[in-house]
Amino acid sequence: MFNLFLLQLLNGAQFGILLFLVAAGLTLVFGIMDFINLAHGVLYMVGAYLMATFAGMTGNYWLGLMLALPATLIFGLVLEFLVFRRLYDRSHLDQVLATFGLILMLSEGVRILWGSAPLNVEMPELLSGSVPLAGPLKYPVYRIAVIAAGLASAVGLWALINHTRAGMLLRAGASNRPMVAALGVDISRLFMLVFAGGAMLAGFAGAIVAPILSVDPGMGESILILTFVVIVIGGVGSIRGAFLAAILVGVVDTVGRTFGPIWLRMVMDPSAAAQTGRMLAPMLVYLLMAAVLFYSPTGLFGRRGAK
Amino acid sequence: MSRFAPQIAPRLKAALAILVLMALVPVAAHAIGDPFLSVIANRMLVFAIAALSLDLILGYGAMVSFGHAAYLGFGAYAVALGARWGVTDLLAQILLGMVFSAAFALVTGAISLRTRGVYFIMITLAFAQMAYFFFVSQGSLGGDDGVALQGRSTLLGLSLDGDVTLYYVTLGALALVYAGLYRLTGSRFGRVLKGTRENSLRMQAMGYRPFPYQLVAYVIAGCLCSVAGVLLANLTEYVSPAYMGWHRSGEMIVMLVFGGIGTLTGAMAGALVAVGLEEVLAAFSEHWRLGFGLALVLVVLFSPEGLTGLAKRLGIGGKHG
Amino acid sequence: MAELLEIRDLRKNFGALAVTDGVSLSVGEGELHAIIGPNGAGKTTLIAQLSGQLAPDGGQVLYGGEDITHLDMAARVRRGLARSFQITALLPGMTVLENVALAVQARSGSSFRFWRDAGGEEITNAQARAALEEVGLADRAAVLASALSHGEQRQLELAVALATKPRLLLLDEPLAGTGGQEAERLIALMQRLKSRLTIVLIEHDMDAVFQLADRISVLVYGAIAATGTPEAVRADPAVRAAYLGEDA
């Protein structure tokens, strides 16, 4: 029982790390540019598809990853150049409409190019297999590698934001946009950097998750909505909030699905527990979001006093 | 009142003309011998009701809700659940759908409306997704796959099995929703809603607290949309969580903007045209979303003020409104 | 003269900057109390705290003896405390009459009425017209607020505030951006209102201030530098140094 819990906890953490990678760029885009981008999940999807393509073409996971990352970055920059930068000054409604159109278009484009059937990516030999955890329990090396890679990215991001000039501007911009403009910083370049970084992280998340998840045209959308939940809980513009909220959402979602029915069995009869558990599990993260919002409308680390 | 006469009467006339024109569709379909035309037209009417309800909050209230399809789902599931509980009357099912919707809108609206801007958009989307997953997890209602209905509802003993009967009932519902919203938007309540959209701070300085008005509008919009859901379930004789997916919410916004936001006649016309267009495009190519999405992006980018240009001139749809 | 408004040691900080630095002030019933001071002295911030738009960090606001420090804007308006905005805040997409009628509606009956045509409410419209008459905008009633000239928008601001039937009026630079005839008309209007209402006036037009005010307070760096009759303030050397010196 404890072993199962540990296993789910790790799975939850791994899922949370992925959510964080997608959410990190998006929360900055929201915070700094006040720009609602529904199409961010597309970058995650494109990252996974490019990974599948390049890994398949070269027959090598590492080569695939090295090609997929810059390709996603370029794709993101092209999107920024062609579409997003024209939307920063528009109303939220325009932003919603245009980025929604982009989702429709790109999802369909992916379907045309790669088909609707899920694709598989081979795990690299180096990271396949399992390591013993506690007692008889084993855990796949690849998932541990995902967690490690995500944590490394988070630490890198943290260092970037707290110890560089660009990071300082980002922090200032996320909490006070006019101030950054007043400092005479080239805002459009800052925006592009933020966007490129966000695209890269989302693409990275898509690429490294490809071997353990099927790559399909709907993957960008399912993660997008959970990313929103993460950002709302963490507070728009807060990287720290996004990290904590992502881990929280990942763990609550994963552990809740397995342990919800088990724990409910302590207070109700088994069949009712199973039924209620099945019903509540997928709603848990949303209820969590509602609870956080009830306590603080701007999330855990959002700007206070921003009405 | 007379002051408005020259301004509003043409719109009211246009709305009447649209309704009359739609009333002739089954006749035309019969004449050319294509009964499927009525089914498509019926679908158009259903979404016109949904778009009208969304216009109340998005157009008149400037609340960009990205989760309105949830209420379509509540209405549809009210039919499935009603039938299961032996409630087959359309009106009773509408009432049931409204009760679900009102409860959901009251709770989620009270939380969402404490926030603004990007938060509001994300939160309404997330709550709708929660409702979606709720129904996906209901194995007894078919879960992900949904459930086929045994038959259509009855209206005060009248069977709606005939497509033409259902069509005119839907048309009647659309006319009633239009008339109700026409009155509402001209009423005291409607004025407060519009005023808040124009300048919330000014309204507070007049002595209003916007929150209860916005919340009530949010609940009304949800209830009206559930009527569309009840009719949609009857039309397709099928109920599934897909009705409340977030794509549907997005499409509803597109429909609304298509015809001009913040005007009831525009919302109605926009939905009719958009659904019709969708049917045509879908018949043309299975990849119609590619072109549809591209068109949407291009229109927003290259029309001088975007699709909401008109809305902006009215002072709504702004970032901080 | 009974005190209608009493401000006790009001404090507000924006970061390290004390924008309102222990302001204490009382305004008697029927008084026109002008607050003057150089740009950035914290006048608008003070009005924002009096009207309930901004919560103070410390101190109290008493209105008719009641502590209203923690009431929101709507609650204060209902008690008869109305304000105008320095930067014109109207409902641009609605007509002039509708702008004022909404203010009338706020204090007369419920606004949770969903069916009857609000534009057909004769009593509401009549009261709204009376307020427009008062500021001289009656003939512009059917025009969209966004179509008014700047001066007319300032007049409409006043009409909206008056339509709430206030006992205390907070006017934030009502003359800003107006000139010549428009300004004269607004000054004459304030002169008339003075006899019926208590007014707190923020204004840069010194001629108007000295012509209208019963008492004047000078705000410098968020604190009251002097309070007194126009004559006393004009003569105060500290005031001359701090403020009037650069203007007069």
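Here the chain labels run A, B and C in written order, and each chain numbers its own residues starting at 1.
The criterion applied here is as follows: a residue touches a chain if its C-beta (ideal position, glycine included) is under 8 Å from a C-beta of that chain, and two chains touch if they have at least 3 such contacts.
Bear in mind that the values here come from a model prediction, so they are computed numbers and not experimental data.
Fewest steps needed to get from chain A to chain C, stepping only to touching chains, is 2.
Counting contacting C-beta pairs between every two chains, the top pair is A-B. As a whole-number value, the distance joining the C-alpha centres of chain A and chain C reads 49 Å. Chain centres here are Cα means. That of chain A falls 31 Å from that of chain B. Per-chain CA centroids place chain B at a distance of 42 Å from chain C. Counting partners per residue, chain B has no residue that reaches two or more other chains. The touching residues of chain B, counted against chain C in their complex, run 1, 3-4, 183-184, 186-192, 194-195, 198-199, 201-209, 213, 216, 314-316.
Taken together, the chain A residues at the contact with chain B in this complex read 30, 34, 36, 38, 83, 86-87, 90-94, 96-98, 100-109, 111-112, 221, 225, 228-229, 231-232, 236, 278-279, 281-283, 286-287, 289-290, 293-294, 297-298, 307. On the side of chain B, the complex with chain A involves touching residues 58, 64, 66, 108, 111-112, 114-119, 121-123, 125-127, 129-130, 133-134, 136-139, 246, 250, 253-254, 257, 261, 287, 289-290, 292-297, 300-301, 306-308, 311-312, 317-319. Within the complex formed with chain B, the chain C residues making contact are 51, 53, 72-74, 77-78, 82-83, 85, 89-95, 97-98, 101-103, 105-107, 109-121, 142, 146, 160-161, 164.
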